Amino acid sequence: MRAVFFLAALASVLAVLLICLFLFGNGVPALLKIGIFKFLAGQEWAPSDVPPLFGILPMIAGSLYVTACALILGVPVGILTAVFLARVCPPRLYRFLKPGVDLLAGIPSVVYGFFGMAALVPHFHSSILSAGILLGVMILPTMAGIAESALRAVPEHYYEGALALGAGHYRAVFRVILPAARSGVLAAVVLGMGRAVGETMAVIMVAGNQARMPNSIFQGVRTLTANIVMEMGYAAELHRGALIATGVVLFVFILLVNLCLSALNRRIT
Amino acid sequence: MKRISPSETFMAAITWAAALLTAGALLYIIGFILWRGVPYITPSLFAPVYNSINVSLLPALVSTVMMAVLSLSFALPLGIGAAVYLAEYARRGNRAVRLIRLAAETLAGIPSIVYGLFGMLFFVVWLGWDFSLLAGSCTLAIMILPLLLRSGEEALLSVPDSYREGSFALGAGKLRTVFRIVLPAAIPGVLAGVVLAVGRIAGETAALIYTAGTVAQIPPDVFASARTLSVHMYALSREGLHTNEGYATAVVLLLVVIGINVIAARIAGKIGGAHERV
Amino acid sequence: MNVFDITDLNLWYGKFQALQNINMSASEAEITALIGPSGCGKSTLLKTLNRMNDLVPGCRVTGSVCLSGMDIYGNLNVNDLRKRVGMVFQKPNPFPMSVYDNIAFGPRTHGVKSRYALDEAVENSLKAAAIWDEVKDRLRKSALGLSGGQQQRLCIARALAVKPEVLLLDEPTSALDPISTGKIEELLLELKNDYSIIIVTHNMQQATRISDQTAFFLLGEMIEYDSTEKIFSMPQDKRTEDYVTGRFG
Amino acid sequence: MRKIGYIMAAVLLTLALLAGCGQGTQGTQGGQSSQSSQATPGSSTATPEPEAQPITVVSREDGSGTRGAFIELFGIEQKEADGTRKDLTTKEAVIANQTEVVLVSVAGDAGCIGYVSLGSLNDSVKAVDIDGAAATTDNVKSGMYSVSRPFIIATKGDPSGVAADFIGYILSAEGQAVVQSSHYIPLEAAEWQSGQPSGKITVAGSSSVTPLMEKLTEAYAVVNPNAVIEIQMSDSSAGLTAAIDGACDIAMSSRDLKETEAAELTPVKIAIDGIAVVVNKDNPVSNLTKDQVKAIFTGETLQWSDV
């Protein structure tokens, strides 16, 4: 029976291998044809021109800026909300706030897109800032939900031990409970970041999607995922290969981040 | 007046402020959707057949439920099975565990459009399933697998060891202990993962457009193409012709997600008490 | 007849040797107490008797432990061993289920299906654990609602429900108040005629009150094993004397 | 202290809820629903006189049929003799991948300019005349309004069975009547009689053509009930590549076929759709020459005052 569980666990490894196989299989030939350096460092993206240009540096920069902005806004609020839900919230309020937060996670990204366009774009125009704020709100529920369950998993006697030493409620929560749930909270941040990097539909509507290097957060930008979604429909041969190669870049980027974080995580625990 | 240290009040303030911010964002968005969508919820919206004049969302609603059921029936056994292996069987540091965890974390990080690409290349083209409910739900199953695995493992690990020892001491085998004692006690945590997964399924558009297609019909069989509610909303609003019906769809989608959350919470409550029937 | 015969038993947790060549035997229908300072290996020995040590990664055992003549590390199925050798833990650990389901879990595990048989098993074991009167009208309620002393007696009832031959108790009363402790000690004295009992305890008065034989352990070795009166009145070994008179330990 | 905290929180939350609703009304009322009363014009922020306003250019994603036709008609696409092509649209242009996003962006920003299919035009924005000709279906039919592009369907080799019958229906008087009623420009009708073939075909491709195609399939279903037509909405090239791969029977495109595509597929023009250049309703500009539009979209003119 242990083998059956082991096979189930292997399913996720198998899925990653399959995705690698297909992405690299379709993306790498195009990457080699365009030239890795020209592809990664090229600042000009014009797939429909003849001869076509496939440089995705502006998109890489776009993704980094938008995700950084989203994390800066979303992570602190997300973790504090998780602390609030797990240890501070009065039960009466919790009965409404918790389903509300879960609901926020359920709202489709298209709706967030229209919300962003109606509420954020008029004030901040289509820019990194509006995309960052919108993504910050979108990753909030994912992080808060998982961080909260990590905080709740911390045994009660840690909290009581801290109180017994005269620590205040919040000091006990922030100095004892939060560090004890570090790996769960870190996982929540990783999942939140994954959602932020992966978000497409909402970002397309508020980010402006200009395929050039931005030089201020009030300027519009195009992210890697937006580039794929917008052009995948009509891309053919080399252009489609370039988009799949963009997918490969994203995939490798996320693999690297996970590797660093799991190494960091191991050194802490 | 008992003296509250300044750092206490500061930490209290930022925690309450964060919670208020989240609640504010939540209400602002809900208010926005309801205001824009509710006036356009008309009975015709729920007509059994979709056509371009009366853009009924019933086919999309049915497809969403079928999509959720199908992808959960693929992903849940795998996710829970994997969680049981990681929490109950695997030794702490061995390499297989680290490999599985890295794979799960990477899967969680992959953007939905990359799943769409993969789903199209593998399920639609290579396996020749064409645009279909099956291709869509398999792609979604892979997407929600890490969510279920992570929340399942978290829930299993939070079950105190004393329950396991108590069960073993009574001569119960490993299997019986896992299925009769550990899993029932972990159901609430697992269901939290299911709620998040359903939220993800209901909200997904990018991955589904390239795997399940956009045909507005109640899929007669698993190999028929179908559009979920959010794909329906995307398609409606895309051409600027039915934006209002798009918001009405959003309202219905919210109600579906709320319904699922409530049902899951009730099940968690009941099973959490783990009364074993004879 | 001896219920347990232990010959040249050694046990390691990875590199650390927790038990060094233990030779003892426990006889039927008697209470055997294991005493000694913390970390001396008495709990480790107890956990070896029903192979709960198998759950500890890196645990290695040599020598032989025989239950009524059969080597428990031989081809005896570990679940059957644990059915015949029940255990009660230091901290009460009822399952997050109703009182009824807690008690019925053991019999259900070992194939008892009929409703009538289960009801009877539950009632008898709760009566045997002298807690029937306190829980008979709340069998359907969660066991986690009971007090510490009641929960521990519930765990004893749960162990009795599988009709074991031996009952192992690992400092069962160290987390309980004196009144509950007294109740459990009276209970053990009653159970003595039906079950052989081996109890690990810090509480030397408890050992004198209820046990027939006592074994004194120090740093993984069994220093002395004799009848309880001899151990507490005329200990042979100086170290036993120092521990029993409370000079160290 | 706790009491005050709760009251303050409650006030803040209700404010957020109202703001959400308020924001709802100011957003534009997209779609043909002209009867909605709260359609307040213009953007929510009080912007200065549009004259001194910088121009925000909104364009469509790179391979959209609407964009392909637009840059060709206004000469924004530089074609060299040796076959090289370069799209000179300014890099600062906001890229919207949906018509609705163009409409909402233009309606939300006084200095914004974009282009949409004539069929999707609504009253939340204002269409400017091009070289003096108003953007109406009649002007396009008469040729006065030259900014238009064909809606094309393409099949691999000659169509047969349901596909052939359906195409015949579209080009017939009945089919062209449906085109007319959907605000597109019909072609001369051809004779056609339905052979009532049965079978299932899939039509895939351009999202701009999809609304018209849905109306056509519904009308055709009345004429020939035993045919089943499935529509997959994606993009022009996706439909064309799908037709080449045999994944769909008929492809829809809102732009002319590329050489590689024309080699494999036989195109059939089914309607003409004008492209309306749209600006914010507060923008006083109501007429632009082709060169002015080109200057704006290539980033030469940056202020509305220089137009």
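To keep things simple, chains are lettered A, B, C and D as they appear, and every chain counts its residues starting from 1.
One rule holds in what follows: a residue touches a chain if its C-beta (ideal position, glycine included) is under 8 Å from a C-beta of that chain, and two chains touch if they have at least 3 such contacts.
Everything quoted here is computed from the prediction, not taken from an experiment.
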| item | value |
| --- | --- |
| Common touching chains of chain C and chain B | none |
| Contact pairs, highest-scoring chain pair | A-B |
| Chain nearest the global centroid, as defined over all protein CA atoms shown | B |
| Chain A and chain C: spacing of chain centres that average the CA atoms, whole Å | 53 |
| Geometric centre distance via CA averages, chain B-chain A, whole Å | 17 |
| Euclidean distance of C-alpha centroids - chain B vs chain D, Å | 34 |
| Distance between the centres, which are taken as Cα means, of chain D and chain C, whole angstrom | 80 |
| Set of chain A residues in contact with two or more other chains | 114, 118-119, 229, 232 |
| Two or more partner chains touched - positions in chain B | 16, 23, 25, 28-30, 32, 237 |
| Chain C residues counted as touching two or more neighbouring chains | none |
| Touch-based graph of the chains, sorted into line, ring, star, complete or other | other |
| All chain pairs that touch each other | A-B, A-D, B-C, B-D |
| Contact footprint of chain A on chain D as seen in their complex | 20, 23-24, 26-27, 43-45, 56, 61-64, 68, 83-87, 91-98, 101, 104-105, 108-109, 234-238, 241, 260 |
| Of chain B, residues touching chain A in the complex | 4-5, 7-8, 11-12, 14-19, 21-23, 25-26, 28-30, 32-33, 77-82, 84-86, 88-90, 96, 98-118, 121-122, 126, 142, 145-147, 149-151, 154-155, 157-158, 174-175, 189, 192, 195-196, 198-200, 202-206, 210, 229-230, 233-234, 237, 246-247, 250, 253-254, 257-258, 260-262, 265 |
| Chain B partner contacts - residues on chain C that touch it in the complex | 50, 52, 55, 57, 79-84, 86-89, 91, 93-98, 101, 104-106, 108-110, 113, 115, 118, 140, 142, 155, 158-159, 162 |
| In the complex, chain D residues that touch chain B | 5, 9, 12-14, 16-21, 23-25, 27, 29-33, 36, 98-100, 102-103, 116, 120, 122, 207-208, 210-211, 214-215, 218, 230-234, 247 |
| Chain C-facing residues of chain B, complex | 91, 160, 162-173, 176, 180-181, 184-185, 272-276, 278 |
